[in-house]
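Structure below; questions to follow.
Chain IDs A, B, C and D follow the sequence of writing; residue 1 opens each chain.
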Amino acid sequence: MVTEWKHSTVVAGVPWKNPVGTASGTFNLEACGRFFDVSEMGAISTKGVSPVPWDGNPTPRTVESPSGMVNAVGLQNPGVDHYLVDELPKLKALGALVVTNVAGHSDDDYAQVVEKLADSSADMLEINVSCPNVSHGGLSVGSDPLVLGHLIERLRPMTDKPMVVKLTPNVTDIVPIARAAVDAGADALSLINTLVGMSIDIETGKPFLGNVTGGVSGPAIKPIAVAMVWKTRQALPDIPIIGIGGIMSAEDALEHLYAGANAVEVGAAALVDPLAPLRIAHDLDILLDSRPQLAEKLRKGQTWR
Amino acid sequence: MVTEWKHSTVVAGVPWKNPVGTASGTFNLEACGRFFDVSEMGAISTKGVSPVPWDGNPTPRTVESPSGMVNAVGLQNPGVDHYLVDELPKLKALGALVVTNVAGHSDDDYAQVVEKLADSSADMLEINVSCPNVSHGGLSVGSDPLVLGHLIERLRPMTDKPMVVKLTPNVTDIVPIARAAVDAGADALSLINTLVGMSIDIETGKPFLGNVTGGVSGPAIKPIAVAMVWKTRQALPDIPIIGIGGIMSAEDALEHLYAGANAVEVGAAALVDPLAPLRIAHDLDILLDSRPQLAEKLRKGQTWR
Amino acid sequence: MITETTPTTRDCVSKGFLPTRRPALVLEKKQLDDGVFSLAVQDSYMATHARAGQFANLYLRDLSRMLPRPMGVASVHGDAVQFIFAVVGEGTQQLSGLQSGDHVDILGPLGKGFDIREGKHYLLAGGGLGVPPLIRAAQEIQSIAGAHTTAIFGYRRNHFADSIVAEYSERTLSIDESEGNVIDLLDRWESDATAAGESTDVEILSCGPNAMMKAVAQWAREHGIASQLSLEARMGCGYGTCVVCVTPTVDGLKKVCLDGPVFTAQQLGW
Amino acid sequence: MITETTPTTRDCVSKGFLPTRRPALVLEKKQLDDGVFSLAVQDSYMATHARAGQFANLYLRDLSRMLPRPMGVASVHGDAVQFIFAVVGEGTQQLSGLQSGDHVDILGPLGKGFDIREGKHYLLAGGGLGVPPLIRAAQEIQSIAGAHTTAIFGYRRNHFADSIVAEYSERTLSIDESEGNVIDLLDRWESDATAAGESTDVEILSCGPNAMMKAVAQWAREHGIASQLSLEARMGCGYGTCVVCVTPTVDGLKKVCLDGPVFTAQQLGW
């Protein structure tokens, strides 16, 4: 049985069969595809791809934190060329809607990846300017409106694919950053990426992670994520937003949708239950039955205000 | 029996009998003084005082979040005049070391409070430029190095008391803010205040808190707080730091101390167990026995590097 | 975090301070109605000190939900303290899973209870899960010379507390939503009393939904009867330190957890 | 979050996908030693599919600690799966409190187990809490025609697993820290075998602290013996999606949870 989804959404003109996607870095086809039919998801956002393979950070790469985890994977990935012949065609062959997450250490890195993806079968691109775990690019780009605007202006003309810009919560005010991305041509925003955090081993007095700091994700960050989605939505009434952060249940997804998101992505929850993204999609499909106004807005690509 | 503390600390030249204080807004003498001898604590940081009584925000003022809580009290307090004849003299009579937390909606507000406290019996002042729950002052002052520097330059000459500046985590980079405070004359820094967050009632689709957004505190924010203390300590090797955020146990306090704090303050933990601050102080006194290097540094007013 | 009684706790208690959060042994858990449970825990301090209208903070084992679940004391027997609660969310769901032999962390008694005096007749006007503190009021009043009570309880459906309060209260009038509300009962009580020539010199103790209590306070005012009302509020600490649970009164904002939960209608300006 | 088996889970399993995280009934919990416990849970999928060297994620009820606690499968009986674990932190402390009748969420079997073949003699070189997967290896090898095992276990103090592994392994040599280490035992085994004129054409399966396994791999190399080593690593997901648990191999970084935990000494370049 393939699910007959009752409640769909639209993100930047792209119809999603349901409002729930996987979040980048927490979905990998080889691992997750064993647990569910990837075509069932609203969307699959894949691990950040860089122009060349990256080795990531030293281990240990994660440490538990209260109702969350701190990770410092550092965008280990086999590079865009491998992605184009492996993960992407496989996902498309399975019928998935693919959001390709793009990583870089420099503007040129991002441009190289986007160029290679321009004619690919990816459905949307998600420009990750918000990874706290790489020393150049990532967070540093995503926290300066001018730098970010410049990057997106450069990338935007390189492809016809809808371009989502993924924002960091590690900023004084997310609104000018969001606005800069939109003014430069972003078709949608996704937020939030992880919050900079760390943990210290009290037996050694030394940082636990190989990379010293990492990014906090999971339920702990939910209230912060919801506030950022809300604030961005209040400032930018029309831009499509994918809400991310601490979504463990359909109820959590609803909080993001009521905050103004058009769709959501599920991250850490998928790490502790491979089926979490699909389960949340199913549960949400039921919760939306009793919320016809919200469901109607989502279906039309509008948002809750 | 009054505790013979084995391990003391020094913050901005002020000796604390142990490294654990209460955090502002979570200690109130009338309530907490029934549970323990306030003179036992390293320090008592009192609720933010404003020049005139403030009524705070509409209710509900708190909502639970995973391993945390979001509060939007909005600095309700009876004003500095009341504080000077009530809470402060009572605390001093009981033998407490008092850190008076100062709130304001404007530079003039802060100045008025500091002026009145200049000749008081308060041991230290803690300038709260980081409250996310007031529309002017608070967070807006604390997130701009220039504005903050200006304020501290004005306040600094008004009193001989050691001045602690309490920083917000809701910034892109805490280092320039910390530096601005220090350059303007701050004797110490305390961090972190709460992170902006919110929660939405999925039955109504509306924000749960009367104030819409609030501040997240509790274990959920510990990794974020530790990273901020660490980052600030790396950049400013000598400034005394009071570590705050998510401390529920002596082990958590140790994480802050190893990150570079000279002392800690306990917030949300005190709300869910009135005795938590003193229990943490006792437990830490034991844990420091087996950490003579750290204990020695604290005693001398130095920090772990 | 089931905080076993720590040296710090013992030390402070020995110096005369109030006992802090501590684990209490669950003696009994019973289901009273659909989603309504009675929980008896052993805590001699609570048992000795809890006055009607006071409450305790119950805490969950699930550390991801750290705020207290405040619960009114429903009765005391020896060193056993009884709570009666409805499952309304995840926290009360978890509490309903406690079994005898488990421990649950508690703090209390907290707040200001009902002001109860000798020789008085009290009407206990309760609605839904507002009845537990009134059961304790009936129990307390029963032990006071000359004071007596009439329980006037409104339920959603089943009259789950009638048999419990009957142990302590001479008379119980109760009603469910299909039949009417607490105000209907108050009217009935008054006409009965007047008809029987009984005194209507009573005082009302009330606990229930705000709308109900406002109506009760108004009814009392119209009949020249004093009323004390036990409020609910979202709480941060439940013991007076965080200023989260405030309610407007004629003297300004007051803390429900410390200055209340019981206020007079006058204080509230109702 | 004890996730009761959801419609989504049932639906996916019916389509032939792997079963996701699910609650398993605790059948028995026993203490084997100071701080060492055996936990048997009912899960027919695990019981049918778990190969020696594979592991399961166990999850805590305490939602504030959400990461998995990976545990090697120690044995299988019918639809019961046994784990043996030491209490080293808060999570294993909580797991040690499980009682029969409780449920614990599990995911598995996970990872690549030992490569076990017919007609071989395996030395099972285990240290401390590395022994559980080797007990399962002995059990599995016992059921394979002509294959047999010698258990070579190093303990900190008590020889808590000797009697368990004796059910499956023909011979057990064990030692504790006061007496020596696993390498001493391997030497002893070799001289015994040589003296007795037995074949030393064996393969080593090993699990334990990294330092021990490196020494075992080196010993094996020096003796021209192949070895398979089961690694530990900090994990995010435990099932291959997060790229947290990587280890360097001659073919680059590999995931311990998916490509391992078992690697050959050659793969690791040890």
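Just so we're on the same page, a residue touches a chain if its C-beta (ideal position, glycine included) is under 8 Å from a C-beta of that chain, and two chains touch if they have at least 3 such contacts.
It should be emphasised that the depicted structure is a prediction, and the values quoted were computed from it without experimental measurement.
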| item | value |
| --- | --- |
| Remotest chain, chain C as reference, centres from CA atoms | D |
| Contact-richer chain pair (by C-beta pairs counted) among B-D and B-C | B-C |
| Centre-of-Cα separation between chain C and chain A, whole angstrom | 47 |
| Distance between chain centroids, defined by C-alpha means - chain B, chain C (Å) | 35 |
| Interface hub residues of chain B, defined as touching at least two other chains | 66-68, 218-219 |
| Residues of chain C touching at least two other chains | 63-65 |
| Touch-based graph of the chains, sorted into line, ring, star, complete or other | complete |
| Touch list for chain A against partner chain D, complex | 1, 3, 25-28, 30-32, 34-37, 47, 55-56, 59-64, 66-69, 71, 73, 76-77, 218-219, 248, 268, 270-275, 278-279, 282 |
| Complex contact set, residues of chain C against chain D | 61-65 |
| Residues of chain A that touch chain B when the two form their complex | 65-68, 70, 143, 170-173, 195-200, 202, 205-207, 212-213, 216, 218-224, 226-227, 230-231, 246, 251, 254-255, 258-259, 287, 291, 294, 304 |
| Contacting residues of chain C [partner chain B, same complex] | 1, 3, 6-9, 11-12, 14-15, 17-18, 20-21, 59, 63-68, 107, 233-237, 239-247, 253, 258 |
| Complex interface listing, chain C residues touching chain A | 63-64 |
